[in-house]
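What follows is a group of structures, each given as structure tokens.
Both of the next two complexes hold chain A, though its partner changes from chain B to chain C.
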Partner chain A sequence: MDKIISLIILGVMVGGIYSLIALGFVFIYKSSKILNLAHGQFLMFFAYVTYTLISQAHLPFVAAVIIVLVLSALVGVFVERFTIRPLMGQSILATIIMTFALGFIVEGIVILISKGYYASLPAFLPTGMWKLGAINISHQYLAILVLTLLLFAACMWFYQGSRAGLAMRAVAEDHITTASTGISVAQTFRLSWVIACLLAVISGLLLSSLYDVHIDLAGYGIAKGLPVILLGGLESMGGALVGGLIVGLAEMFGAGYIDPLVGGGFREVVPFILMVLILMVKPYGIFGLVKIERV
Partner chain B sequence: MAMIPGDFSQSYERDIAIFRTKTQWVVMVIGLAIMLTFPLFMSNYWLSLFNFIFVTVIAVLGLHLVTGLCGQISLGQSALMCVGAYTVGVLSVKFGISVWACLPLAGLVTGLIGMIFGAPALRVKEFYLAMSTLAAQFIIVWVVSHLEEWTGGQLGMYVPPATIGGFSSASPSNLFYIGFILTIVMIAVAKNIQRTRVGRAFIAIRDNDIAAEVMGINLFRYKLLAFFIGCFFAGIAGWMWAMYLQNINPSQFTLKESLWMLGMVIVGGMGSTTGAVMGAVFVRGLDMIADYASAWAGTVFPTIGEQAFTAFSLIIFGLVIVIFLIYEPRGLYHRWELFKASYRLHPYAY
Partner chain C sequence: MLNVNNIEVMFHGSILVLSGVSLQVADKQMVALLGANGAGKTTTLKAIAGMLHVEDGKVTHGSIEFDGRRIEKLTVEEIARLGIALAMEGRPILEHLNAEENLLVGSYIKREGANIKKDLDMVYGYFPRLKDLRKNTGGYLSGGEQQMLVVGRCLMMHPKLMLLDEPSLGLSPLLMREVFDIVDRIHREEGTAFLIVEQNAMLALAFTEYGYVMENGKVVLDGVSEKLRANEDVREFYLGLSEVGNKKSYREVKHYKRRKRWL
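This part shows the complex of A and B:
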């Protein structure tokens, strides 16, 4: 029984992290129907830049974070203007490959600078543990979970309650109609990339408080973020949250009960198995918009 | 040149002919003959580079059929190569089947497995399908590295070379002949699939699948067929890969490799066999540039370390893809056609 409860708690905590990664994907997709497959790389890149600012330029943590946030907004503007906007009207394959290519470039730059060494940020979240019998609750994970929920709430409010969010939803629906109501499509695109990059900074920092900053961190984008959003539905914030929890729980139970049978490492494929299953059973995810095609 | 301005193709057969003029035949035969003499004077380094390019060309041709022609995005081509390579390994080492007999078997097994992961194509399109093939990439590599008693797990396995009498594929020059013939055959197959009923059905599905269905094309059949053929090519490429390295290992078949193949299809030009070949050769050529660039960077900035090659190849490849997508989305093939047209038409504009 203790095992089950601790697996559930661990699953929820890990799931929170996955939702956090998925949030950046959903944000861009909801406003521009583009899946930023380089999100993982961006996340790692910003975490690495923060590390460099702290260790090389000896800046205090808060100053470094502020500089990186400004930098990330610039990166968002740049990426949108020079790589995404020229692709408007091209096939979906073009945007998939484009974002992958961006990811390659960012990864190459980080490898060139870091030479593949592991780096770690100073601890900025509370460390420690609560022990309830055999169950451990880490403060760090708990803090990340709470921050994730807050971020989700903020993003949901942004989409539902703010004018800019409403403009983004309209742009995602139809460019021409939106433009004719006086909303600037280009500006909305730019804003959504800027916010997505800011989200990448925040999730990158939170992730790097748990794991070392390394190129492997980029892999989380594809290995964890994609299954989560497919499970939850590409357009749904709540879906990303639920999907993250499902993937987290499935991973923990897979690791707890199936790993001993197959000899370890089952955790890594669980998200993908879930992904294939959901694509076969309910292709547009749990909360996703079902696309209806009529002839 | 026989194709002067004003000389139009007057029959359908002539219009779709691969070689439209006698000159093209002559140039092609001479070119192939020259390539066949490469092992006589080239060093092993260049021969193995060519063998590597042969592997890539075959795999990219398969991807070209699935993605370029039929429009079904596949992000798992290198994992399917892995299936092909391990089919050869397991069948020849554990079951003692001749390596030559494994060649078609590798293609068939890979084709069947590819169909499983292509099956979601019947319900989902575009992005969602890409994700299901992405899952294939991870699941296949994980399964291969965990079936330890068959595949040797992470350590990989040894594959015996293909032999006939005294002729063994273990030396790069002999493998060059095998790879060369195999590549020519596969190019011919791909080109001819494209020119026949099946290829036209694929193109119809790519351009608009609802319209294609209304025209009487069985989407279910043709989409699965596209995956089968594409993965068959991947299986053949896997066989060639196993012969090329002799030691296969799950870590050789990464997502990055799959994406690079997709990049090659784009750089070469979607929907053209020539383009697929051009893209494969061009991107492998870029790898060599990255190799030289990192060697140069190593002498100029000694602190840069041995990761430089990885970094440079990632950056160069990424930049090339970005530039192609923005400035020439139709790829190298389109540029080549423009060049040919302007050459043929020269003093006139059209």
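This part shows the complex of A and C:
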């Protein structure tokens, strides 16, 4: 029983991070139907930049994070303007491949400069552990979960309640109809890229507080983010949250019960098995938008 | 206010769709644009609203002026901000947004705070049914309700000129009349100018002051709506009447041979 409870707790906490990674994908997909395959590399890149600012420029952690947030917003604007917008009107696939290439370029730059070392950020989240009998609750994981939930609440408020959010939802529906009301589609795209990059910074930092700063964070971002958004539905923030939790729980139970039988490694595969199963039943994901067709 | 001056529109750089379309809409005027299928009415509206590029089309000749400013090279957003609202054919609502959010999208560019509330009340004044449906998902509204929503969204933009593309398409005759009645009220009360593309020529000419008839990408006839209604050719080819008050008998006409050549 203790094992089940601690697996659930761990699953929820790990799932929180996955949700946060997925949220970055959702923002861009919703407004432009583009799957940003560079998201993993972005979060790795920003984690590296933060580390470099702290270790080389000797900036305090908070200052470094603020600088990186500003930088990431600029990266978002830049990427949208020079790689995505020129491809507007072309096939979506071309744009997705563009993000794929962009990811490799970013990764290449990081390898070139850093030579691929491991590094660790100073601990910025509370460390320590609550012990309730045999169940351990890590303060670090808990802090990450709380932060994730707060960010989700903020994003959902922004999307449902603010003027800019309404423009984003309108753009998500139909570009030309929205443009005909005077809302700038290009500006809305830019905003969604900026938000996605800010989210990449935060999820990059949270991930590296758990796993160190390393090139593999990029692959990790993709390998965790994709199953979550496909599970939850590409357009849905709530889907990203629920999908993240499902993947987190499934991973932990896979690790707890099946890994010992097969000798490990099953944890990495669980999200994809789950993804295939759910897509067979619900091709739009659990909360994906189904096109409304009136007969 | 709107001055379309001898425009030529080409798609894909080679397909000529409009050649020599000229029309004017004065301040607070209601104008009808009539013509058979494929005459180029919708293309004319899209040219005015700056939407040709979506289908790889372009104004290759002539000019479009709005309030004395050339607009044929502006983007859709810029033209909308100048005060031209286009209600496209086929009721383009934002289907996953609810009715009220659909309207709010229209108010995005200009209004804030209390004014939005006032504008919503104005739209609900014209379309009381929308008020009851305001929390309903746009995609699940009926055809007539969606048409009202589209006109309402345009109204939220406080345009000087509204372009309506076949507002009566797919609506019952009763609902058609209702939509036109409301358009007429908006015209009188808000002073909005209208350019209306319509298949139902009788209805359109009854509500407008001036009309243009298009065929094969050209304007072939124009005049005061009442005169157009009395014009024999228009009666014959668009209204389906040959003698005053008599329904045309198709047995007596060999339509394909007697097709009117305008030019």
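Worth pointing out:
In this text, the second predicted complex is superposed on the first by the 290 of 295 C-alpha atoms of A that agree within 3 Å, B and C clash if a C-alpha of one lies under 4 Å from a C-alpha of the other, contacts with A are read in each partner's own complex, and residues count from 1 in each chain.
Just so it is clear, a contact is a pair of C-beta atoms (placed from the backbone, for glycine too) under 8 Å apart; a residue touches a chain by one contact, two chains touch by 3 or more.
Nothing here was measured: the structure is a model prediction, and the numbers come from that model.
Once the two complexes are laid over each other on the shared chain, residue contacts for A:122 go to neither chain B nor chain C. When the shared chain is aligned, chain B comes close enough to touch A:275, but chain C does not.
Contacts of A:60 after superposition on the shared chain: neither chain B nor chain C is touched.
Judged by the touch definition given at the top, the superposed model places A:102 against chain B, while chain C stays out of reach. Between chain B and chain C, B contacts the larger number of chain A residues.
In the superposition on chain A, A:260 makes contact with neither chain B nor chain C. In the superposed model, A:283 makes contact with chain B only, not with chain C. Within the complex formed with chain B, the residues of chain A that make contact are 35, 83, 86-87, 90, 92-94, 96-98, 100-105, 107-109, 111-112, 115-116, 222-223, 226-227, 230, 234, 262-263, 265, 268-269, 272-273, 275-276, 279-280, 283-284, 293, 295.
Against chain C, the residues of chain A that register as touching in their complex are 163, 166-167, 169-170, 172-174, 176-185, 289, 292, 294.
Chain contact summary for the complex, chain C toward chain A: residues 49, 51, 54, 75-77, 80-81, 85-86, 88, 92-97, 101, 104-106, 108-110, 137, 139-140, 153, 157. Chain B meets chain A in the complex at residues 67, 73, 117, 119-120, 123-124, 126-128, 130-132, 134-136, 138-139, 142, 145-146, 148, 210, 213-214, 255-256, 259, 262-263, 266, 304-305, 307-308, 310-315, 317-319, 321-322, 325-326, 329.
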